[in-house]
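Okay, so subunit A shows up in both of these, paired with subunit B first and subunit C after.
Moving on to the complex of A and B:
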């Protein structure tokens, strides 16, 4: 009984993670006309992306733990079922503490609602798909390396790395042309418009063509079929409901240029 | 062992509460969105709390599928038990904050002879639309020409706002949805 009591007390104890890396460092990224794998419409192939600011690293468990302690409605034991499924932060040692080994790793097992709320609390928002894709098009030396076969191969090599043995620390991968890290690793990322993918192969609606009716112009055809890594991202995002969590899905935040943190 | 006598139930309670709380909080009304109805009156998302509600997202200027949404909602209403029908409410929230102003929604309600005593056509701002669509599993995308591409999902809510059934079927009343509304 005393043992159970101690456990309970420990679980309820607020915990201060030492040495946790503070997130929130971001860089400005110049927008422009961008050819996305997900064009704005069947008729319009080029997206106009306004300039924006993007976090250089993924949000870490320690970052997210600070948020959860301040906004208790996002603790895994208090969160509304509408906003997060049962996997939400399940890998943490308690409702407010990731555990000593997880602090620097990117937070995963978070729903779109929780990720959105985190960014909102920081005066930011999730990046939009076209923003994310534009930032991710950069190699270490050029802003758009998508037509470089060597760069494409490098991305695929990164994706093929196993997450076994734990995720690398947030911000540990080399910076790209814009100064942004972690875009192509083992962690995939929520975007603000995750519910706007509207690709025709929606895994939630498989098997019944009548359940796939879109008002308006219908499903949007994907472009650049050779851009395999981006297409995988879209497949992942379009298969996730906003309350879902996954051990490979994390996020970072963005802001409009000129917005004050 | 007085301690033990209260500690055991207390612990049991402590561990069982979060689960029960999660169950309760599946309500759509966890979203505290402020909307405007077709008369420009501010309403909350839970304007029909206590009633069974059919809720869906649409946009007024949609040429083809969206008129069909209204017909489908009417078909469901017609086929619901006589006892249930007066208790059923319909909430149509527009995806298009720019063009579906309350005045535009009022014109749509009048032209489709919608009884706004039981139906509400609502305007929501872009952020509210995004959260609502996420909660209702509706995919949507604004197109460069101002139209929207969107999946059509009719959700049935119970009196507390919990989603009890969802249907993507248009043109007729989905039997599963009807059954969910008719239950108790």
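Moving on to the complex of A and C:
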């Protein structure tokens, strides 16, 4: 009877067991009013962000491999084409093994669908853009370093390096003010509302919602135009459909504060 | 009467227009190509063709087509680390692996099926806005492509001309600053006149965190870009892209055509080829042209077609004549022209001799005299020596080194009865000039000598002493004291130099 209970618990919470992964949803981040590069609407310039928890480290290949072994429908050889493109986990040595060198590195080549399913299996979700942006606005010492030119340039330096060459281990970069790591200088990250940040890139939709894509349009819609680091995040996310994968796109999970733990 | 006058004026205007308007091909300048309304030659004919894309400085061959075709263009976006200057690397974002991107050549009326492929190794999404496209965004939204994906869109090339293409993904400035631009040539239906050589050159400005030529891998500097404070201004994306072994090469007697673009992102180019004159410039990449041009302006996001003929062998230097960019930021490219010398057109250096300016031939003598005068030890010899130097710098232009003057124009000083008759008058003339008729040695003169009041008392004394003791004159000394007295006693003419 006890054994059966344990099994049940494991089945329900395969990733929640303490110690399953480092860099989990350890720290609550206090929300509040936040000036985003993407205001909620032309009239509302300041986003209201409720408090949330965020993985302090990116999800690693080893983390994701455990998930895939449990949820075989997310193996690269079994996943539905609708949910993942041909690049999905293509860099792994097999459908369930990333290979000896990749385990600690952040997982990339995952679709939004797969990332969402992973977080859901942990009882969590992907962070929303405003949550991610709020957490990523912090330097090591202050919660909002976005007006610090030196900090900005440091972030931009990553964009000035090509995507070739290996990634550092997940959680290897220094913690920021909130105790969160890897937000800059490692990979792009999926967010829950990636699909609604800019409407689809269907070429027929040449009207207002699509303005962000053309010359000069940034001048209309985006705030903090000098915040290139964030503009590029948005450009990257808006170029990706939910089934796409990229060798520089990873993710982490989030929850509402009080949702669990 | 008034009506007649207007008619005459109108006729004259027509006549003028007629004269100035016909170019060499005999086409009146007033005519137009009709623009996009005359650019649709109907649906594509025949099998689709794949466009030949070339890396700079090469240009694809002429299309040679006489009917509209379906042209498939496949362009790959690759992010690459390359050398921007000796020992300095930079991560360029490129169309086709090069800066500028691959050259695309189609014919007006062609239907272009464009495939934009973003390499799986790319970090960024990219797209393309071709200025030769008629349609919103120039293809930007339709070609927005994530890494490891490809997009396709189709356009009809309605306008002939030379057009820039570039990435238009936010932040646009950064994508352009990283090298994402190139040229597309849309040939007129009849094609371009054949030439001996065609080249593809494109200027761009670059912004790095490190200073110009600071070694190592350099990151993009966003603030410098916003401030338009370029670290590098380059032709074809690197300081050595078109110099040394990679210089453009031609021979004498060739008709050269260059397709020159300016990707920016910020700077406008004052494009100039040192030692050549552009016989023909299709400014802004348009249809009409200017002839015999030294320097032509290329806007950021614009292009120009220049043509010239090589006559004299040697190295010709392409520069942005906003010249600090050329010599301090890298905007230099070389065209090497080989062939036989043409001394009848350009001699090369024909001599190199010592040159001493009259005014500076022996300033030491003047200085010596001035010091001696101040200490009261001035000798006549010192005065003569200093006077000779000053005379050659100031007086000999008219009175000649020989003191003979010029017959009937400038009176002589040698054995001059007029000079020798009255030393005080001579001082006055030196100080205040002389105009009107005078008779010297029996000859009448009527010209103007300006006042020499810029000379000080010592200098005038020395000049006059030199004159009195040269060319057979019978000697004598003028002292500074005498000059001082005359100067004090003459009312200086209004407006005379001090």
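Heads up, the rule we're going with is that the second predicted complex is superposed on the first by the 207 of 261 C-alpha atoms of A that agree within 3 Å, B and C clash if a C-alpha of one lies under 4 Å from a C-alpha of the other, contacts with A are read in each partner's own complex, and residues count from 1 in each chain.
One rule holds in what follows: a residue touches a chain if its C-beta (ideal position, glycine included) is under 8 Å from a C-beta of that chain, and two chains touch if they have at least 3 such contacts.
Computed from a predicted model, the values in this text were never measured in an experiment.
A.B. asks: Which partner does A:81 contact after superposing on A: first (subunit B), second (subunit C), both, neither?
C.D. replies: Touch partner of A:81: subunit B, not subunit C.
A.B. asks: Considering only the touch criterion stated at the top, classify A:93 as touching first (subunit B), second (subunit C), both, or neither.
C.D. replies: Neither: A:93 stays clear of subunit B and subunit C.
A.B. asks: Quick check for you: in the superposed arrangement, does A:156 touch first (subunit B), second (subunit C), both or neither?
C.D. replies: second
A.B. asks: For A:193, decide between first (touching subunit B), second (touching subunit C), both and neither.
C.D. replies: Touch status of A:193: first partner only.
A.B. asks: With both complexes overlaid on chain A, does A:232 touch subunit B (first), subunit C (second), both or neither?
C.D. replies: So A:232 only meets subunit C here.
A.B. asks: Let me test your reading of the model: by the given contact rule, A:173 touches which partner, first (subunit B), second (subunit C), both or neither?
C.D. replies: After superposing on A, A:173 lies clear of both subunit B and subunit C.
A.B. asks: State which residues of subunit A lie in both footprints, the one left by subunit B and the one left by subunit C.
C.D. replies: 205, 210, 212-218, 238, 241.
A.B. asks: In the complex formed with subunit A, which residues of subunit B make contact?
C.D. replies: Within the complex, subunit B contacts subunit A at residues 3-4, 7, 11, 14, 18, 21-28, 30-31, 58-59, 62, 64-66, 130-131, 133-135, 137-141, 143-145, 147-152, 168-170.
A.B. asks: Residue numbers of subunit A touching subunit B in their complex, please.
C.D. replies: 1, 4-5, 8, 40-41, 43-44, 77-83, 86, 112-113, 116, 192-198, 202, 204-205, 210-220, 238, 241-243
A.B. asks: Quick check: in the complex, which residue numbers of subunit C touch subunit A?
C.D. replies: Counting only subunit C, the residues touching subunit A are 79-81, 90-91, 120-125, 127, 129, 136-137, 140-142, 144-149, 153, 168-172, 174, 209, 217-223, 226.
A.B. asks: Give every residue of subunit A touching subunit C within the complex, in rising order.
C.D. replies: 85, 87, 149, 152-153, 156-157, 159-164, 188, 201, 203, 205-206, 210, 212-218, 222, 225-226, 228, 231-232, 234-236, 238-241, 244-248
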